[in-house]
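Quick heads-up: structures coming right below.
Two complexes, one shared chain (chain A), two partners (chain B, chain C).
Right after this comes the complex of A and B.
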């Protein structure tokens, strides 16, 4: 990418970096929102979140390659089926493992590390070690004066915004959202009011996993599906959730935008390794010195 | 028999069996056992922090790698001989643990896990970033002049086993002495009830920091010996998996039991050895064992034994 420097002035180059950063931020916001919901409502850290992302991508490839006809048809099928399948898997994992250890915070981390290995290795055994491409549902490009830009990437941003708005409405306006928020504030009192907390937990865990999978389906036509692809989304989601404040949804969205744009710009002008070093150290220092997150807003 | 006598008999017996094993086992298994003993020392250090003091760290790979790179780079870059290089590795592990502890111990629980994980990840990325000095992704070989203390080449079978055994014996004795000492009891008090220990006049931060530094010293020693005995230093030893392994060994063998890490490391090593003969997805075995342990045996094998009668197990 930096080779473009020779041909382009700084302005268009920055525009390209901003566009790429916005796409990253959109997908990241979906993935991190899933992690943030699970942490907010259930008070557990799900290390297998990146694995749910990866499973979404791999399943999208699997579905898309088995649906005949136009690529758009396969893509739409994947967009519906992959998140549902991943949500079902997450619900089973919640019932079989997390519920039985009583959502103990530390035991949950160890257990989800175990789940992460199991899912990654299952994907390796079932789908093989190769990166798998998924064709984009459409291929038109938007022509800027300096470069052409994939229309699909802009569609990803729009789709992510729609989903984010839907989740936001669900949380703030619907009865299900009210029950989730009540459980988040005080699970004992929620239980006393007749709320089935177990069901809320399973549903939240499934919803969190589905959001990661959805982000992955959207990203897979840009970046191929691979059984180890969950590492970066997990790390970045962690960074977003922590910088935004653990459990704060508004903070998560703002942080996703900052980190996504920052990642786009820093990786274009510096090496990606340096960008990651700065980001990981930033997370550690934020947790040490400002545990409520940089934005400090509480949802 | 007194409690002290039983403890000496059991641990002396284990050491005697390990010493005899090099003459009894075929070379392949003796070499495996040498590796298991070094990894067990790493896990013992982890156990001091996690099992006894209650500090669940996900960043011990940093301390292991600091020991490994401290020793390896002393040989590679400034051509030190084996003994000062190993000392360098020990110091690097302890200093890294102290530095991480000063910051990370301001947090607790889940935040502590994430902070240690992030520091270790940053350490791994720094190794990749400064590839000129660390060998980056490929790592480097520890050259012969750097792994010959007293004229014995440590990568050869006999000296390798002897060195691993010496390290393990010293580490085991140190671990026993530590947990039976006054300070060892204070460590347990921190794990069980930090607020009450503070009320009794102990400084939790200082106790936990010291426990973490000792833990880092063990990890550094294991890393330095690993570099010498197997002649290779590489970035993969700084990855997250190497933070998970000592946690796994400790959970399997029994957290808060001195012999737990050895038992866990041995069982896990052979489990993975057998599994990787059957499938390339051997990490699935690691994952399954983690989940099963958390679900059904949170105290580990020796921890369960201690609950069922062997109350004196330190």
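Right after this comes the complex of A and C.
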């Protein structure tokens, strides 16, 4: 990076940082949206969310490596199958574990910590400890006057925006979204109006996990799939939903953008460690001065 | 229409209702009265399946509904207006009504009929329900329940804290439902309202049915009001 600094003026350097930050923000928004949905609707702090991210990445590698032909075919198959498989796994976990403990807020934290370890060790046992690369579906680059930039990374941003818009439309315009929002407000009254709250919870948990897995499939050609890769996305997702306001979708998106761009810019101009320190400090400040988050409702 | 037999229910280890039984008939208003803590709201919640029945049963048109999951009970045709309204506050008026319509798959015609009862809601369809006045919120809570086209409507203190004009409107709607053949079960504390609207009164005392009296008998002898409600 210092070599880059010497060769480029500040403007292009900032552009590169913004591009990297936007990619981070896009993936983070998807992952954090899943966490926020699960908390918002179910009041469950899902510590296993990072494991669902990791499973998405590992399954993407598994699927992509078993589909013959061009890398794009394997990637598309992974893009469809990995989130579906992770959603199914989450639905089973919800029915077998969370429902049985009555979605008690404290018990579910302990339970999802247990799920996190189970999924990590299962991935280690089944797929091994090695980091697994997944080839990008295409390799073309966009040539700026100062540097070339991965077209795939811009595709990640576009794909994340499409998914975020689709989730937003689902929540605000569809019958399923209306039922989810009503359940979020008052699950007892929702039951009194014929809403099968258990089914809503299972669906929400599966959707949250699928969003994490989708973010992982998109990012795995940039990073690599590894059984311990869920830690950072989990931490950053918590930072995002705490700053944005637990359960606030608008807050989640805004905070993901701020944290993602901040991470990109600070990492580029200083160090990634400083970026994480500042993000954590921001969480501390929000918790002290505005505990409900920037867009969250006061309890 | 609605028959409650030997119903016992409570919260965790605390039993509130002990063997409650009564019948609410079509086209009649059954009032539930009792002192604070007598179990009126618990009875409403238990009939809706929101509290598990420890004993006894609830039948609607002979069909046992107390064994159904709570979300199936309203689909059988029991509407509920809970105490304190319990609207979906961040949702709009139209969305609150939509939730009611979804319950039994009712459509625009039902919504139009319900809105004709509460024209003020029609002007506020896009407004967030939490921003409505108290009276408008109560209208919406009743309208939302009416979107089910219920055979039985449970109303838990619907006029509590409302101004007189709003109370009058809600009573008109209740009498209209009665005329349409709906069985109305109404938790109410105001004696004059009970005497005007009810056909029978179920007096609850410490979770048990103390008396069931037709309103005509209460007009002749109002002592049960004093004995069981303290008025």
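FYI, the second predicted complex is superposed on the first by the 291 of 299 C-alpha atoms of A that agree within 3 Å, B and C clash if a C-alpha of one lies under 4 Å from a C-alpha of the other, contacts with A are read in each partner's own complex, and residues count from 1 in each chain.
Note that in this section a residue touches a chain if its C-beta (ideal position, glycine included) is under 8 Å from a C-beta of that chain, and two chains touch if they have at least 3 such contacts.
Predicted, not measured: the structure shown is a model, and the values here were computed from it.
Engineer: Identify the partner contact of A:125: answer first if only chain B is touched, second if only chain C is, both if each is, neither if none is.
Structural biologist: So A:125 only meets chain B here.
Engineer: Could you say whether A:115 touches chain B, chain C, both of them, or neither, answering first, second, both or neither?
Structural biologist: A:115 sits against chain B, while chain C stays out of touch.
Engineer: Return the chain, chain B or chain C, that is in touch with more residues of chain A.
Structural biologist: Between chain B and chain C, B touches the greater number of residues in chain A.
Engineer: Could you tell me if A:107 is touching chain B, chain C, both of them or neither one (first, second, both, neither)?
Structural biologist: first
Engineer: Contact-wise, after the overlay, does A:258 reach chain B, chain C, both or neither (first, second, both, neither)?
Structural biologist: neither
Engineer: In the overlay, answer first, second, both or neither for which of chain B and chain C A:273 touches.
Structural biologist: After superposing on A, A:273 lies in contact with chain B but is clear of chain C.
Engineer: With the two complexes superposed on chain A, say which partner A:222 touches: chain B (first), chain C (second), both, or neither.
Structural biologist: After superposing on A, A:222 lies clear of both chain B and chain C.
Engineer: Of the two partner chains, chain B (first) and chain C (second), which one does A:77 touch, if any: first, second, both, or neither?
Structural biologist: neither
Engineer: Tell me, which parts of chain A touch chain C in their complex?
Structural biologist: So the residues of chain A in touch with chain C come to 175, 178-179, 181-182, 185-186, 188-197.
Engineer: Per the contact definition, I'd like the list of chain B residues that touch chain A in the complex.
Structural biologist: 56, 58, 103-104, 106-107, 109-111, 113-115, 118-119, 121-122, 125-126, 128-129, 244, 247, 251, 279-284, 286-291, 293-295, 298
Engineer: Please output the residues of chain A touching chain B within their complex, sorted ascending.
Structural biologist: 45, 97, 100-101, 105-107, 109-111, 113-118, 120-122, 124-125, 235, 238, 242, 271, 273-274, 276-277, 280-281, 283-285, 287-289, 291
Engineer: Can you check the complex and tell me which residues of chain C touch chain A?
Structural biologist: Counting only chain C, the residues touching chain A are 48-50, 69-75, 80, 82, 86, 88-91, 95, 98-100, 102-104, 144, 148.
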